């Protein structure tokens, strides 16, 4: 079986990474690649890559030729083209934030405009295979998770499912490479501004990934409803191209032991979550250029009610295009790891 | 007035930075520079720098020619040469960790051997001018603070002095450039191992700076003695040469407001602490290649009992050699900023 | 068909890259991985990678279980283990420099000791597929080319074959990432020494790749024997992990035109040489993490007798392990691109 | 004596570097700083630096309050404001390219528009102290040299003055940090595009520094007029913030020896040119954050008619603002090194 796929927004960093992953995939074939600003050119002329693929404008893409559409566009424009593809009966994986929040009110507050297609929020499946694998398999529309949320949710999932947290406040100190900011010119991503520095930004619960994280983790929180789960999320811009590391701080029931073992058990059958043995510490190098989320779990000496988790991934792979391919594999009944090892 | 200074351990990163700062200082003159492994060579032959200074072995340095000795040696060897200088009646600033902990038992536990000169711990002054300026002025032996502790202590000082903390647990998520690891070959500092990654290390209260931080901050903690101040300190290795950023998380009395104003007031007369206006966020670029600690203070939306502080400095300047020169200026009655602006 | 392979020296940068490439290869299976210093451990415990492969000492490796042995050891030790594998009747691809020079005298001069098995130099095939594809197919022992030589030879091959050079002196100004220096602790590869700098080294024809380049290109030089081909080769250490860019300067017959076209024709059927269209300039980003050598050809304005060529590749892939896999594919009659796209 | 200075274009990389150098200078005082796009703000709000200086629009700057005006604006706008300052009788140092070429025709060809004030080209002095010190002392208008030209001209000066070159063709393979491209958002300077790569650009004599280099070196060339001096200049963009390294290839009279000695003699009394001893090789680390040009000279083994020179500097210091301060010191009779050590 060959899945025929189309790509909206092929000239950004997630777009090119997706092309790269699909070009290695034995059961997928790219039937079109879209770029509005570079329509008429070929991908290999726009970026330093070997993919000699023609780029089409949105009006010219053969939607019907594709079984599946990936959208790598920014939020806003992405919703429009996803809608068009869905109307044509295509299945869609949207890598933007447009269909991640279930609540249209929350979307409006965080993204500054009301959601154009709130009905689609009801059918969209949040594409984190480690939680929603079976729903993904049958989804018409998959909302591919954000990069930071993937790292943070996977890093806390076993604890929340086990009811091990004693405090609804989670501290997530996250650090990301610059490709997470997208491929457009800005002073904030100028080499000299980023290099040899580290810059916190949107701290104090100001980042748009806060509601996405709280939506996913809040659904698993079994504490008092009067004290809902809250994440203090502090993103920092790292002077590297790709990779995310989240350092997570939680309060836990100190009676429990064997935290690493708990994580090992939870993820034993997950093909793309790697829990390091006790004594090893995850780093971005563990995950870069792979589809793995790599975790390590750390008790705090003399402070039995605290636990630290380090969660790493490549923001362009498990944090975006790799997870999208994983979702495609699930949606079309393929080996979940095809094209991703 | 000219202060004649000698330097032990001139060929490490803090040693060379010290030479650079002193070469700009109008009232200091280097009378000797020591290096055991490069004795006989000149500094400009050992490192890519313009300082054509002969390097002497410890047995050959003219201790009596110096008013002040800086030691840039690693802990252990540093204590030995500092002792020798003190016995000759010289004043000493030790940049190593050998005289920072007041408690010899704690030293033995964290550094793996008993302290060779526990009596000197009683006379050593912890060289953080923002706390101990007057004691530094008269000190015979100054223990120059560690780089991480300087960033963390300064970032919390106004809150502890104001009695604003409500929880003795402080989370300090710190990130440091590689020069903090010293200038010796190791796989951990190999370019390819560090580059394009981020690596937590010694997390879970395993780093030797934990007791140093708790000693300084604990003295200011006015909570219940039964619940002493504790820092959960997570250092991360950044792929940059120099700079530290500490992201600090504390719980505070929510009634108070104007946290940035509190910091501004506390540090108004401090020449080397800069508190950014509300709305700006400190980054390593603010502090790199300067003697400033740069702070910004951030309430957390919808969570009035939490506060975040970002504290940045250059680990080789305010975190080591610049602070040492600042201490020298205080000890010898010079303008505190000489050579440091 | 499955090729069973063994790897000597699996814990260096080329070793791990080889494991990564082979793990994606549909017709290869690793039957053992060797590391003397880490024997008994598993690869994923030694490096931040997901390959959970046991590491064996040389005395324990099952040579007979492998159809092909790759050696990723340094020159010297590599020759010894390659000899042992050849004696057992195994085919061998040696990624070290031990079998690249045909002349044992030259080897002795450049490597500081006489060659232990000069007879093997006669049977070794220089593994540059673009020149020696058919000999590689039948070789018992392939000497995998050096990273710098691959970039320089491919960048000049069409000109030499066309007899277009008018001057036997070639200037090759090459820049390499740090992984080319290998994975062992040294001050020269310390992050702080490399970062934010650029360091020429072994310039003035002092690098061991000079005889390798001159051996390959000299064989194609059709000028006067009294004026043999000479390369002025200047390597520079770049603050990046991987990638080589060689800027080549030659004098050519000005009558000729269409230099880019000449390169396109020469490499049209080569799967791993990409010649950019006129007007584009090759950069390391074009080749990083791929098995391509990427070339661009540039006339010099107002100076018709000069030509510049930019030649880029990834030193760990086309400059080492990728080229080794390409050679394996040729040796065993597989699709030459298997595992490499 | 205090020189009162004004700065046009204070918010670019050379502008801020100039502010930093002047803030350390004992005999200079900044009386105004200009920025059109940030007029009304303060420098420390625009960039991560401690300089709390108000920024004025061009219409508001008090030209008469300044003895000297530095222009850090881009070419084009720079000429306009320099003209205005000159008309007010101020002395001017222009860091842009507007007054470097003596020939208005050449300016028009390279910069795409005719020069607005060709008469000023006649009075402008090319501000390279190592050649034009006495003319600089009396200049009304100094054209501060380009960063690449400074590195290349200084690297060849002793050879041309000694008449040692035998071939008018010079190859200059230069590599520069990103701050040389200025501080404005563009895809070409996006962190991810630059990082982990190396990109040649404007090669083949296409860069605007070619005529500047040939103007300076051509004046010293004593070969046949029919064969004028020509530079093949290949700039490459390095993934570092600051620093230039030029690798220079020339043909020389092989009878001569002691090339390093020749350089030592030529620059013995120059305060900011450092010639390394034989056997050492210059690197960017030698020059970064200093006003030194650092040179090393290298014969080529077995090829006595070739010579290589490595020439390094910091493009923001000796390649721009440091050299501008050096010129200021000369113009006002101050110690030439004031503020620069």
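For reference, chains read A, B, C and D in written order, and residue numbers begin at 1 within each chain.
The working rule: contacts are C-beta pairs under 8 Å (C-beta built on N, C-alpha and C of every residue); 3 or more make two chains touch, one makes a residue touch a chain.
Small disclaimer: the values here were computed from a predicted structure and weren't measured.
The most distant chain from chain C, with centres taken as the mean of CA atoms, is B.
Across A-C and A-D, the chain pair carrying more C-beta contacts is A-D.
For the pair chain A and chain C, the distance between mean C-alpha positions equals 37 Å.
Each chain gets one centre point, the mean of its Cα atoms, and the points for chain A and chain B are 39 Å apart. Averaged Cα coordinates give chain A a centre that lies 46 Å from the centre of chain D.
With touch defined as above, residues shared between interfaces to two or more other chains in chain A number as follows: 48, 193, 195-197, 239-242, 283, 285. By the touch criterion given at the top, residues 13, 48, 178-179, 183-187, 189-192, 194-197, 239-241 of chain C touch chain B in their complex. On chain A, the positions that touch chain B within their shared complex are 169, 171, 173, 175, 177, 193, 195-201, 203-206, 230, 232, 234, 236, 238-243, 245, 247, 249, 281-285, 288, 298-303, 306, 308, 310. Those residues of chain B whose C-beta lies close enough to touch chain D in the complex are 23-24, 45, 48-50, 196, 274, 277, 280, 283, 285-286, 289-290, 292, 341.
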